[in-house]
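This is the structure, below, for whatever I ask next.
Labels run A, B, C and D following the written order; every chain starts at residue 1.
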Amino acid sequence: MVRFAILGTGRIGAMHAGIVARQPDAAVTWCYDVDHDRAAACAAQVGGRASTDVDAILAADDVDAVLIASPTNTHVDLILKSAAAGKPILCEKPIDVDLAKVEACRAALADFDVPLQLGFNRRFDPSHRAVRDAVAAGEIGALELLVITSRDPGPPPPRAILEACGGLFRDTSIHDFDMARFVLGEEVTEVYAMAANRVDPVFAELGDVDTAMIVMRSASGALVHVNNSRRTNYGYDQRVEAFGADGMVRSNNHRPSEVSRHGDQATAARTPLLHFFIERYAAAYEAEIRDFIDMLAAGGRPSVTFDDGHRALLLSEAALQSYRENRPVTVAEI
Amino acid sequence: MVRFAILGTGRIGAMHAGIVARQPDAAVTWCYDVDHDRAAACAAQVGGRASTDVDAILAADDVDAVLIASPTNTHVDLILKSAAAGKPILCEKPIDVDLAKVEACRAALADFDVPLQLGFNRRFDPSHRAVRDAVAAGEIGALELLVITSRDPGPPPPRAILEACGGLFRDTSIHDFDMARFVLGEEVTEVYAMAANRVDPVFAELGDVDTAMIVMRSASGALVHVNNSRRTNYGYDQRVEAFGADGMVRSNNHRPSEVSRHGDQATAARTPLLHFFIERYAAAYEAEIRDFIDMLAAGGRPSVTFDDGHRALLLSEAALQSYRENRPVTVAEI
Amino acid sequence: MVRFAILGTGRIGAMHAGIVARQPDAAVTWCYDVDHDRAAACAAQVGGRASTDVDAILAADDVDAVLIASPTNTHVDLILKSAAAGKPILCEKPIDVDLAKVEACRAALADFDVPLQLGFNRRFDPSHRAVRDAVAAGEIGALELLVITSRDPGPPPPRAILEACGGLFRDTSIHDFDMARFVLGEEVTEVYAMAANRVDPVFAELGDVDTAMIVMRSASGALVHVNNSRRTNYGYDQRVEAFGADGMVRSNNHRPSEVSRHGDQATAARTPLLHFFIERYAAAYEAEIRDFIDMLAAGGRPSVTFDDGHRALLLSEAALQSYRENRPVTVAEI
Amino acid sequence: MVRFAILGTGRIGAMHAGIVARQPDAAVTWCYDVDHDRAAACAAQVGGRASTDVDAILAADDVDAVLIASPTNTHVDLILKSAAAGKPILCEKPIDVDLAKVEACRAALADFDVPLQLGFNRRFDPSHRAVRDAVAAGEIGALELLVITSRDPGPPPPRAILEACGGLFRDTSIHDFDMARFVLGEEVTEVYAMAANRVDPVFAELGDVDTAMIVMRSASGALVHVNNSRRTNYGYDQRVEAFGADGMVRSNNHRPSEVSRHGDQATAARTPLLHFFIERYAAAYEAEIRDFIDMLAAGGRPSVTFDDGHRALLLSEAALQSYRENRPVTVAEI
């Protein structure tokens, strides 16, 4: 039985807590949040005690692992405290939106030997994973073209969230950069990004963009395209297409049902896509936590590492710099 | 160069004439119709001369073959005249809606040795044919279940056409009976039909039905379902699904384009289906005429025979009798 | 908090127990099975105590409801005991395979006033339910044709299960009969069934069939087709298609992912379908138990009733009689 | 009746000639080729006389229009000769692969007033055109993202053809650049291209690339992605996806039939895509010639102009320069 402290019990933290509580070999023993009521509400749902004192929780003898789902700018601090306490860590992405902080964290972590798994949930989606597995198995031959479509449903998030998120490339595209690395099985070396404000003036006001097209080159010479938007009207558009000499494998969108309609205006019409990440990646979040628990039980290393988080952030930085300077940027420059 | 006389230049005859004219090794030399203007209009489009004198045409020395597309109740007469004249025949389905006339025609044809191909166009559709070919190749193992969906677009045909057509089973389901025989590769032995008036009162007034579900058993024990309607609001619904121990193969509907739409109400929405047989089976009609011409050139036997027309009509009769008496009817009874 | 006794902790019972245990407002307090080890194993997974004494469980003061998932031939006994104890009941289908026993049970239940919900899980599937809802909302106009495809994955169940299951019509088709009633929103009045042994000789040895095609007529004149097989090689084939003047709505098959493959032999190839009911109807089982719990909380009547179970069994009997006598059978005859 | 001279009767020219010959209001009167036998073979198929003397043909009084389908490096000369002879021109793309020659041709054409339609066949494809029409009708709101997938089937063309074709950007991507302009309804202003040799060493030997990803920006700020490969193993991959605030519209791939297969390894498997442009764009080529003939009859201006050819070539040049210098290139620079 792995006893978890949930650090941060907002929407995502509460979702993770629920998944942990459902596992037969795991339990939530502590729910931490700066807002005690929110921690208590979560604990009431999933079991365990609520607290606003993270140090006390990390010192408790009924905590085997922590799940960090607090605001991004607290991740590094909680990671380091948890590592110092010797607790295995499952931390939501991103590590931080500030590359310097991430690199300092990496240095500091060298002093500790605790497993740290980063929450790139999409790696655990059965459809995307099937694409990765097919590529890794050589099913399409050497990967030549990788096309990632990743568009969030609208309306855009609240301004406060946008202000803290680090911008499109660090908040949204970072998932796609990780997916690219996951499917490629190698590093991306060069990035070029075009971007625009097309969705909402709030992004421009914040010096951010809401619409982007990125092309990248991998170490072995595969080409990668990512396109992003902060708003669709048809749900969460999440597709990955890998192409090579021996074929193409693709993960397509998910919907809440398999119903289709024929009428005088349209045929084979499906429902809108699943709304957003909570719905679309429900199975992935569950698999992610299972993977973490199973890794703890088996004693291996995490399947998604701090380094994965660092690497993805480097690509975000490269994309941002590319966009700002309107030139291709090598990752080595960052 | 195969020189055709087109016997009957209504909508279907004119369509056939156009296909013949497009073949590099065929030409239309005569267009016959009881309505001279109609014959002349067809001839103006495709070449050849117009006439209302079928005997003269059959006696002409520039006619190598006839294509019969006149009203159904004239088919037998034109078949026999053409056979007597020694002209190979491609005749639109059905031979006739009167079983006795068909059987008399069969007897009379025994005196002649001319190739006669019956116009079961759907056998030449690439999608349906792929189903047949897969079954014949043993791809799904022994056929166990065959499901044929066949629904015409609305509104219903004009009353005059309905009066002459022989009713749903002889006019529409007959295509599906032929398709069943084509895919099965064996005879149907027993038929049960449920039917109803759901589409338009005109069918009831004529003692006809407009909606039907049929189940049948083949000689080897495969089960077959056909469902029919005289009206859809989404186009011509034509599907064939064959199932066996080793899998399922299916021919799906055709549309005028491959465009799909995503919006806030629906995703992956396609256009309505191709409207009706002229559009849906354009490639099949072309392949049918090619097959006939190639057969004449190669000297073999027609791939769709008078006997196929007779057998399909027997199933129509069995379905009608089954519906009227509300009991399963064996084909042997007919 | 609704405290459940799980009566019968085989594969299905254990699955239900797990779902109950996951609900925030429900708990498993007792696990009953004739095999104590099996009950104990289930209790270890989901909480509660294990027992082989159903009377003691029904007398316990920590049981608010029972979930019956024991062998079919024990359902009636457990229903009546539970009803006598005043416990609301969620009972797996079918009530029994013996119509006389079901009718006796119905009579006996008249003495009690406990909610009894029957486990026709498919009614809670989001895809099938969307078809029902569309029909009920008048989206396709009056229903004219209803086509239900329902084929189990192979290999066939063990002989012991087949011997007890009541045969294809009472064990498998009964789900489709219930689905037909669910989508129709009215009763079926007449049934004709063709059936065959095509899958495995074991069915013939047991006097059973493994392959069937059924046509039915509803009170208002809609036509219904069901086709069944005891074996597919591509997963659990579960489709419902409703057709009317204003269109068609269809629930299509479900798969474990949305990945598709393009290669030199095939394109757009998907994975095999979800294997069987546990996988395919996971969401439906969850929704079914939620519906039952919510009904208890709200104080209404069950959404799937004993009468629904009785009616579906009548259709099974009619199909069986139709098959045996090779004639259409009216439900009124049964 | 529009009487055509076909200038160039290789594979594409012969295909065009066949289409012209099938039109009821058009005919082929002359077939020109430097290879007399080839011209004669074409004439034997479609009618008309064969000649190797283009000047004589242009002087003949039975030529109302010319269709130029000769090798690319002869297009400019034949265009100018035809224009001087006052013959309306339908010319295969590209005008030339040498931008200077194209611009000189443009200048020279100013002296003549003959309609010249450029053969960007994809504009006439029903699926792509539906995307354009939906965008033009405002169906998806302002266009924000446009993704064009365009991959040729392998193996690569013969070396001699590759040597003359101008390279990937001028030979293949040019179609996608035209499609982008067609769907955008405005000009592209900036281009960035990544490219690679992944398919065959022959491309590298010729200083060419075979695999590319391009991003572009339009005048109004829409972002466009094109990805190309010189080889697929599943057929001709041709897709266009347009995205905006109000939805997404997409043209998907075409196949020779609508058959699908279910088995133990895969379900819903379709056939490989239509092989290449002759098959995939058969309807488009027909519609293109109809459009040209109808334009001549109606007296308007061509729907695809010399300027469209020039503009697309400018984008090819920009892509090539971008690739060579590894920087975004504005079209204004070219």
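Operating definition for what follows: a contact is a pair of C-beta atoms (placed from the backbone, for glycine too) under 8 Å apart; a residue touches a chain by one contact, two chains touch by 3 or more.
It should be emphasised that the depicted structure is a prediction, and the values quoted were computed from it without experimental measurement.
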Centroid-based (C-alpha) most distant chain relative to subunit B: A
Interface numbering overlap (same over half, different under half) for subunit B and subunit C: same
Centre-of-Cα separation between subunit C and subunit B, whole angstrom: 42
Rounded Å distance, subunit A centre to subunit B centre (Cα mean): 57
Multi-chain contact residues (two or more partners), subunit D: 232-234, 237, 246-248, 253, 261-264, 271
Sites on subunit D touched by subunit C in the complex: 232-235, 237, 253, 255, 261-273
Subunit D contact footprint on subunit B (complex, rising order): 22, 24, 45, 126-127, 129-131, 134, 139, 246-254, 256-264, 271
Touching residues on subunit D, where the partner in the complex is subunit A: 142, 144-145, 147, 149, 151, 190, 192, 194-196, 198-199, 211-217, 221-225, 227, 229, 231-234, 237, 243, 245-248, 326-328
